[in-house]
Amino acid sequence: MTSSPLGVAVVGVGYWGPNLIRNFLGHPATDLHRVCDLAVDHARTVVGGRSEVQVTDSLDDLLDDDVVDAIAIATPPSTHHEIGMRCLEAGKHIMVEKPLAMSSKHALEMVETAARNELVLMCDHTFCYTPAVRAIRELVSSGSVGDIQYIDSIRVNLGLVQSDVDVLWDLAPHDLSIMDSILPDDCFPIEVAAHGADPIGAGQSCVGYLTIPMNTGAIAHVTVSWLSPSKVRQTIVSGSKKMIMWDDMKPYQRLAVFDWGVDIGPPAGDDERERLMVNYRRGDMMSPALPETVEALHFVVEEFSDAIRDRRAPLTDGRSGVRMLEILEAANVSLQARGVLVPIEHR
Amino acid sequence: MTSSPLGVAVVGVGYWGPNLIRNFLGHPATDLHRVCDLAVDHARTVVGGRSEVQVTDSLDDLLDDDVVDAIAIATPPSTHHEIGMRCLEAGKHIMVEKPLAMSSKHALEMVETAARNELVLMCDHTFCYTPAVRAIRELVSSGSVGDIQYIDSIRVNLGLVQSDVDVLWDLAPHDLSIMDSILPDDCFPIEVAAHGADPIGAGQSCVGYLTIPMNTGAIAHVTVSWLSPSKVRQTIVSGSKKMIMWDDMKPYQRLAVFDWGVDIGPPAGDDERERLMVNYRRGDMMSPALPETVEALHFVVEEFSDAIRDRRAPLTDGRSGVRMLEILEAANVSLQARGVLVPIEHR
Amino acid sequence: MTSSPLGVAVVGVGYWGPNLIRNFLGHPATDLHRVCDLAVDHARTVVGGRSEVQVTDSLDDLLDDDVVDAIAIATPPSTHHEIGMRCLEAGKHIMVEKPLAMSSKHALEMVETAARNELVLMCDHTFCYTPAVRAIRELVSSGSVGDIQYIDSIRVNLGLVQSDVDVLWDLAPHDLSIMDSILPDDCFPIEVAAHGADPIGAGQSCVGYLTIPMNTGAIAHVTVSWLSPSKVRQTIVSGSKKMIMWDDMKPYQRLAVFDWGVDIGPPAGDDERERLMVNYRRGDMMSPALPETVEALHFVVEEFSDAIRDRRAPLTDGRSGVRMLEILEAANVSLQARGVLVPIEHR
Amino acid sequence: MTSSPLGVAVVGVGYWGPNLIRNFLGHPATDLHRVCDLAVDHARTVVGGRSEVQVTDSLDDLLDDDVVDAIAIATPPSTHHEIGMRCLEAGKHIMVEKPLAMSSKHALEMVETAARNELVLMCDHTFCYTPAVRAIRELVSSGSVGDIQYIDSIRVNLGLVQSDVDVLWDLAPHDLSIMDSILPDDCFPIEVAAHGADPIGAGQSCVGYLTIPMNTGAIAHVTVSWLSPSKVRQTIVSGSKKMIMWDDMKPYQRLAVFDWGVDIGPPAGDDERERLMVNYRRGDMMSPALPETVEALHFVVEEFSDAIRDRRAPLTDGRSGVRMLEILEAANVSLQARGVLVPIEHR
């Protein structure tokens, strides 16, 4: 029985839905039965020619179908909570696109409902399943990076200006979910300062900055923009022993692990002008070979079906979605307060 | 008489002094007579073998020498004011490394003394004389970039941790001087928020961020770090018509001018959920050929000697040094106030 | 009737076949009915879950099916001729992977059979349908590049060492087909010198070089290797007015069009040591915006169905496949003759 | 006595001479007394203001000066033999720019004269003293690269079209000298095939290719061009254990050492269609930290003065200059014979 594939359905065939459909169809552990979208004809085109996958505009068709064990939700963010709750209440496991909901309160309600019904709630934080982030996570958790000192993440391009969310809510979730999955448990954000700019009169921030002090004294910084001439996706993870630079625009050398660093020694001399004793380590750079032949979403589908089979929390569980929303909500407050540091409330 | 070269001297033969010496010796408009440094032997080595340039450890030797018309000051920042004032009072034109002084008040005193004595006071903001910054300045002033929307500048590397100044005072002056020289007169910083981190226990910020709202609604952002694995020097100047990306680590393609942009049109439809009409222009990219054969400091020397000869203010005059200090001082206040926006006082 | 989609089938589901299947399924102008491969189970997996596409191991099933108008052949090269001839004799249009056949004689027979039966024979030279090659072709044909002076193409990576073909037959066809599609009609290869090396004892060349003089005095050079540490795909097309550099490893700046060049003026002076008067033009570089959202194979499918509908030769017709084989055959002779220039026989 | 600096002079203040002058002046082991050039005024400008270095247009002034122990010759190649012989006969050690002479016969005469007079004859093959080439040499000689399989070197840019030498003689010497200094003693060139093109009517090759089989079955290939839109300086050294890619246009990552490779195992199966058993190793990439703060010519000067002091042959001795000319001469013959492989005669 465990060997029969998981029956799945997808709700929402917009930007990301087609990727979910392709990966559910291509993975041996899942069997895509139904796709739901108000634009039925478009959904049918996406499903492709000569396909037996059922297309519908009614969510109930999915909820009522017993062969559908799990539902992936790729609708607009403002609908995640309602659709997610209906799925959970119908006994379906769910995987939800970022952000999990429009508020941490709503997200928490979803998490608790899933727990009560013994269902899996997974956030599709796709980047966390890329070979690059997996490698960074292992480098950090193995201790070879040392204590995290700072994280600097840049995600800018000429992106689609959204009408319902600002650039922080649109793009920073990627960086926050990556951070969340990389950081050790004893290192977490405690405050956030947010700045934004709307130089084109879009009515909301199109360029945004987050500054995020951690409980350990480390700091994270995120730059996001819809208005940048060329695509930059760069994350620096700096530790006391090594520094990792991840440049996702270099497909053949995404990661560079520098055996470089700076240490401060004890003050030298007892005269009044004590001088800093700074030691610079300038070792070699190593770029690990990453297994790149399989797309990250394949591993997302795998983690989802594995978690359901094993009745365990997935790597990017609902809690990670709640934590992200807590930071985004504090960022909203900071933005309104012109950039003051706002404490992050952990529910 | 005007054709005889300018008699010059250099004070301070540390990191930057040797470059000044080489360029004063190599420029036909200047004649280097004297070099002053407490470490006389080191200074003699820098001046080089078989040279007739006089080396001394006494500033008075320079001030008393009538053939010395102008003095370049490359000593530690904390000495700029005192040495500069003595030079000006001795009737010497001066060129001063950044920052001009340790406070805008001291800098202003130097500016006023120079004006009173009809002497040239130039800040050696070398980057402003590079082909890249010259080209950006022309693109902006010609109007082809349109209104400035935002500026994002990153300057990080594994740098020398300083004992007397933090990373904002050490590195951000480059970005601030570049911005100052690029921006049109009617677009200027009005506030600054500063964040810093000291993850290595250096006693001061080793990673720093500035967020700088402008009077026009534009925004500038500066990232500086002494602790980065690889050197990044990247500045984006985004306008309403074009966007410029300057990557100084690409010696054969420093500038990329994108004929890209985003415009917001009038709202479409009169229903409650008005939708944004966003137009994206995606034109070609142009990378201008830059004349790279001559080093920027050559043009600094030229501007200094031209300004003295023509009795005019140089491009990077003392006022630009004062403006930079006003921003750095406000940043200091913001840093102490944990990142709140602090107004920039223009003296 | 013309609006009903073209009925197609695919033979061979190895490396490239899955891409053909995905694109035939995704294009509105084609309707994929059948897929043929000896490994039926693998083929079924590739076709994907919940699909009505018929899978068979018998070519006759395709040839006998009247709804199949056209067949794409993605089997090993040594079978192209036999399978292609059977398809053509059964009245099916064909699209064939490179190389069209194992000899120009065989390829010519296929071309003539297709012509006699009024069928389309298209070579799937996919690169010729990329935005980059389309843009180069337009730049050359518009005259803005001037006369072609030289072409230098590098295609190296850590590739699969083949047991049946050497690296020249495996990789150079890409470069030769690109050249064939870029060059104007009055500029063509007349000779070829080939060098190869087999440093790993594979029994055939794993590194290869082609030098190809043209009728105009221009020269082309191709470097291919299975043994290179990092992937390089770089083609320079140098003309008398502009130079194009295509770097396919830079997804956000594939093409750089340099307004640079060198002209030789008339000799200056009548003394014995006449000196060259060389003029260097160093203008700006322009990188055209390329439409990258659609994969090249989509346009291959489109050209195939358009050509069949319009009863015309496709851009990469059978003749282009014959020309490629003429060069490869001459290269084989040169390789055996240790690199001498061998004339290319145009049939 | 040994601690007194070496008295040196420079002949020829054209393109390279100024660099020699700067480095002789800047190195504590050398004392530059005299500079000789027919253009005395230009030479004086290059020597710089306030200098006591003597400038002359007479070589005899150098030869007659007893404090001049050694002379660096940076005049046009056609004069190297005559000037070099006069220096050697006057008892001066010499360092000569590439190529050592216009023929291997002349070069050998210089080598033998130097030997007879117990003088040092060094070739200024500057690239051999860069941190990158030093690191490659060590990686090869330590055995970690394994057996050399192939070397591919590209050196193209928009260069100065020369009137007296073709592009192979102008640029390939750099690649040949680097190869010569990297290769172990038991691996050397035995033949060369040369192709060239003159698409601009310069009267000689402006684009050139060398294919160079080695005694071990390895192969080297060199691409040089004066007519390329962007500067490329790339050398691949491929061994049986590691592969090195040197990209000199990446100042912060010149070397990439790939723990990649391909091995051929024993044939699998006894059926008629034996299949290749190919093993691909795809390990990490390592980029060694290189000490970049000192320019390579500094080490050239050091090696020259050390060799004279220690009465030993320098790393790039006259023999290496003779070997380079033997290859260039064979390339000339090949070029005239339209690319046939020509044996390299080792004198």
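Chains: A, B, C and D, in written order; residue numbering restarts at 1 for each.
The criterion applied here is as follows: contacts are C-beta pairs under 8 Å (C-beta built on N, C-alpha and C of every residue); 3 or more make two chains touch, one makes a residue touch a chain.
Computed from a prediction, not measured in an experiment: that's the story for all the values here.
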item	value
C-D compared against A-C, more contacting pairs	C-D
Which listed pair, C-D, B-C or B-D, duplicates the contacts of A-B in over half of its pairs	C-D
Length of the line joining the C-alpha centres of chain A and chain C, rounded to whole Å	40
Centre-to-centre distance between chain D and chain A (centres being mean Cα positions), rounded to whole Å	52
Shared interface positions of chain D, touching two or more other chains	230, 256, 282, 285
Residue ranges of chain B touching chain C (in the complex, touch as defined)	253, 256, 282-289
In the complex with chain A, residue positions of chain B that touch it	149-150, 152, 158, 160-161, 163, 193, 195, 197-203, 206-207, 209, 211, 213, 217-219, 221, 223, 225-230, 236, 238, 240, 243-245, 256, 258, 260, 262-264, 275-276, 278, 280, 282, 285, 338-341
Touch list for chain D against partner chain B, complex	25-26, 31-32, 48-53, 230-231, 249, 251-252
